[in-house]
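A short worksheet on the structure shown next.
By written order: A, B, C, D, E, F, G, H, I and J. Residues from 1 in each chain.
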Amino acid sequence: MSEPSRDILEVFDNPHPDRNYRIDTVCPEFTSLCPKTGQPDFGTLTISYIPDQHCFELKSLKLYLQQFRNHGAFYERVTNDILNDLVAVTQPRWMKLTADFTPRGGIRTTVEVEHPEPALPGSDR
Amino acid sequence: MSEPSRDILEVFDNPHPDRNYRIDTVCPEFTSLCPKTGQPDFGTLTISYIPDQHCFELKSLKLYLQQFRNHGAFYERVTNDILNDLVAVTQPRWMKLTADFTPRGGIRTTVEVEHPEPALPGSDR
Amino acid sequence: MSEPSRDILEVFDNPHPDRNYRIDTVCPEFTSLCPKTGQPDFGTLTISYIPDQHCFELKSLKLYLQQFRNHGAFYERVTNDILNDLVAVTQPRWMKLTADFTPRGGIRTTVEVEHPEPALPGSDR
Amino acid sequence: MSEPSRDILEVFDNPHPDRNYRIDTVCPEFTSLCPKTGQPDFGTLTISYIPDQHCFELKSLKLYLQQFRNHGAFYERVTNDILNDLVAVTQPRWMKLTADFTPRGGIRTTVEVEHPEPALPGSDR
Amino acid sequence: MSEPSRDILEVFDNPHPDRNYRIDTVCPEFTSLCPKTGQPDFGTLTISYIPDQHCFELKSLKLYLQQFRNHGAFYERVTNDILNDLVAVTQPRWMKLTADFTPRGGIRTTVEVEHPEPALPGSDR
Amino acid sequence: MSEPSRDILEVFDNPHPDRNYRIDTVCPEFTSLCPKTGQPDFGTLTISYIPDQHCFELKSLKLYLQQFRNHGAFYERVTNDILNDLVAVTQPRWMKLTADFTPRGGIRTTVEVEHPEPALPGSDR
Amino acid sequence: MSEPSRDILEVFDNPHPDRNYRIDTVCPEFTSLCPKTGQPDFGTLTISYIPDQHCFELKSLKLYLQQFRNHGAFYERVTNDILNDLVAVTQPRWMKLTADFTPRGGIRTTVEVEHPEPALPGSDR
Amino acid sequence: MSEPSRDILEVFDNPHPDRNYRIDTVCPEFTSLCPKTGQPDFGTLTISYIPDQHCFELKSLKLYLQQFRNHGAFYERVTNDILNDLVAVTQPRWMKLTADFTPRGGIRTTVEVEHPEPALPGSDR
Amino acid sequence: MSEPSRDILEVFDNPHPDRNYRIDTVCPEFTSLCPKTGQPDFGTLTISYIPDQHCFELKSLKLYLQQFRNHGAFYERVTNDILNDLVAVTQPRWMKLTADFTPRGGIRTTVEVEHPEPALPGSDR
Amino acid sequence: MSEPSRDILEVFDNPHPDRNYRIDTVCPEFTSLCPKTGQPDFGTLTISYIPDQHCFELKSLKLYLQQFRNHGAFYERVTNDILNDLVAVTQPRWMKLTADFTPRGGIRTTVEVEHPEPALPGSDR
């Protein structure tokens, strides 16, 4: 199976580029494979962004994410890679991706990635 | 069917223009049509504002929103357009519109528009 | 039926005026009449304040609010008026009143009034 | 019945005084008597603090709070008094006590006291 | 039974050290013994961090935490000690550990430890 | 103020009298006065029935229930009386009225009345 | 606009007609118009059935229900009519339709229709 | 302190003794003392009954239950004893008492007593 | 990709075949493909059974269900087929499978299959 | 480590053996080891029973269950064995044990055992 590619993502013109506004998209049906065990992982992706010239099209987003269905992916890497793909394609003013994975071995993990990266806690003191 | 028009919106005099205070109005029964497929969309609109000289009248708001029932509307555009209509008619000191649409294809989207527009995250550092 | 009057409100001495501290009082059984239709309205009032020299007494607050039971009152005006009454009687260092009304015509409204009034969003940038 | 006394509270040495860290303790079984009517009151106390040299011991805290079981206490005063006792005994870097009482006459009240006292809302503008 | 040791913790290279991003890991199955009574304690540990060069590996984290199963541990000390172990092994840019223990004697306690330590409330005014 | 009267209740013809089917109507805004203290009571009425020839009309139900707003009424009696009125006017095949009142003195009460009356528990053994 | 018609409903062969089994389908996006006021109504339809030779196809169900979008419909009648349509087309062994409408004037109504009709409560004693 | 006595319970005439109907009363503020340790216990009592000639009066119920505040009481015995007292005073057609106690040592207990006693599970086969 | 096969399912000896007892297993991570569109479907399977001589082994159940990941499956058929496989392998005294699928086009569906099949509603009158 | 033994369970005389009544005890802190992997399992045990001459004492129940902390136990067997121990010691008129284990590999299991054993579903037709 080929690698997931951002080429499948389509955009449309932001209808109100004159204004900073926020779009939140929740995708509760993300699934990929654990590269170590081959077992499926499941998670909910939440994409929040302030578009600049382009918004991503929802059906193409769904197809883009479905590419990971039979693809091996570690939590931390795949979250960063998906954010990078979405940033590359939409060039947003701001974007945050939160990936909330279901429990494994009694432990559950969430990865939250933001562009541009946020300051460290306490760094604004 | 004619285009939705802001002319249907009625206002009344703010009874306390001497004070900044906030009104939140939640409309869980918004529905419009998808311009691509003609299929109905459903969402909850939440309008928050600090009135200046005028407040919108609730019954006229309901009738205004019902104009979209058989009207084609993309999520991002219609949210911005409704905010613009409400701002034009009430001239508020501040207003935010949050449109929370029901899932399609396993994905749900919220659009949040604010007037005047907020700063970008991190821009106050 | 006579107008609601703040004279019914009783206060007691703040036992710790040496310290800024906060009291939140939730009254889920507020009811008044719609001045246009005569139909009853229902809501939950939440009063938060930092007392100065006086605190309001809870039983007198209940009787004060019961005065609105058969009284015509628009949401925005009555919320401001009740805050003004409570401020006049207790002279607090800070007070906020949130009135959360039940749905009418599928739409529900909350009014939030604060003394002294808060800055507009974004005004501290 | 004798007055509640802070002498019953025991402390132990903070195992990590080199670091600001926070302890939250929730006591949902607080009960006292209304001084006016003699009727029992019930509430949940939440104590949050950043210890300095001492932490309070949980069993002694339970016994300290049980002293109020047959003791007359107004909401505002008893919340301030308990904070004062806990501050006197543990000398914390920061402490907040929130007392959330069950409804009486359809009205419920929460009192929140903090040491050192917080600034008034808006005072940091 | 030997002392819990941080040596069991394994790390892997942060796949995106070029960016500040956040990982939250929730472990609801932590259990240790009360040093005074020998009775078991139960809690949920939530570890949040911004990795620098290393992320902790989840299976080794599980084994590390299982070392406490038959180990005596006071709430405040064990929370600080686990944070210290995780900081020593991963050298994160920022880390917070929240330990939420189940009720004992009707009282429940949460300990929240952060590295580097946060400022005291009010200290940034 | 005159006594509440069932004369205000209007009915319409059951559109499907050929079939046993069930209608549940929930009225969360019922309020009356305590005959002893004159204080307002609040409750949620749930009316379930299998209509025979007539259904009650919802707007007239609302007006009927509003008659109790300034009327003294004990919980047990008023629940039975309202059921009797609704039965008299609609002559249903079966009807149940559940009245769920808000707490007074820390105690809350629900009264459930059914027509025809149900058997006692265990009587069908 | 033409009347809603059951002709739009499509069926497929029950893959396991040899066994009684149950299908529950929840449609939270039903909307019609009030015949008296012309105002939109909203509700959630839940269809439960034990198929015989045919199951209804979900996309055709969606289109069938969308026919009511601009159609005047009383709660009690439309619920019975939809059940009759679904029974006529699928000829199920058993079917129940529950229609749960959103509040109007502070009152909400649910209509539950079953085929074949259930016995009256108590009739099996 | 004297023993709790049923003499404090007052009744009033059932306004509709011609009909079997049900009253549920929830008392979330029950507290007594553990006879072994002297420590306070807390629980929620739910009393359900079908009255015959008498209903219990709510204020006297509250005072009756407050007698247990400083009284030693085992869970199983006190639940049976309270049911016996309520049955003796009201002579109901049916009554059930459910006592739901808060956790002790990580374990929580509910006792449910019914008059007349229910059959054993399976005994109606 | 080959067809899903029941051969992958493993059983172990029921440790207490002398007694009817119930096992419920919830699998929230079931996913298959829609045979018409090729799009992924997601659902939660709940298997309840009373074992006879054999219980299914959980890890083999997981692997069995993962066979459907890239397999086309209609809701009604796949639910019946999985029940048949589980019945064939474990030969239970009783088994029920409930498959609760996520919404598509605003509509969600649950299929409930039982072995031996239940009676039709009302058939026991 | 020795085998768990029922000898640790203590009983006390049922204070009301003249009446069938029910006791529910919930133990959310059960933990044992998986015999295959040695990994800890966690679950909530709910014990419901109608006592005959004896009730189990709660502290001894806690100590009895703690015996499983470092003991290997399969879900199905351990649930049956604990029921057998409790039945042997208390000789109840009826008892049910429900063991609700936390998820492993995305799958969670509940085992429900009853004494005397219930009839098979449908067997009472």
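The definition used in the following text is that a contact is a pair of C-beta atoms (placed from the backbone, for glycine too) under 8 Å apart; a residue touches a chain by one contact, two chains touch by 3 or more.
These numbers come from a predicted model, not from an experiment.
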Inset, instruction - Report the chain whose mean Cα position is at the greatest distance from that of chain F. - result: E
Legend entry - Between the pairs E-J and D-F, the one where more C-beta pairs touch: E-J
Inset, instruction - Using residue numbers, check each pair in D-F, E-J or A-B against D-H and return the one sharing over half of the contact pairs. - result: E-J
Legend entry - chain C-chain F separation of Cα centroids, rounded to whole Å: 32
Inset, instruction - Could you please state the distance in Å, as a whole number, between where the Cα atoms of chain B are centred and where those of chain J are centred? - result: 56
Inset, instruction - Two or more other chains in contact with one residue: find those residues in chain D. - result: 28-29, 39, 42, 102, 104-106, 114, 118-119
Legend entry - Pairwise chain contacts under the document criterion: A-B, A-E, A-I, A-J, B-C, B-G, B-I, C-D, C-F, C-G, D-E, D-F, D-H, E-H, E-J, F-G, F-H, G-I, H-J, I-J
Legend entry - Residue ranges of chain E touching chain H (in the complex, touch as defined): 39, 42, 102-106
Legend entry - List of chain H residues in touch with chain F within their complex: 14-16, 19-29, 50-51, 55, 58-59, 61-62, 93-94, 114, 116, 118-119, 124
Legend entry - Residues on chain F engaged by chain H in the complex (per definition of touch): 74, 76-77, 79-80, 104-115, 117-122, 125
Inset, instruction - Enumerate the contact residues on chain E facing chain J in the complex. - result: 28-29, 31, 39-40, 42, 66, 69-70, 102
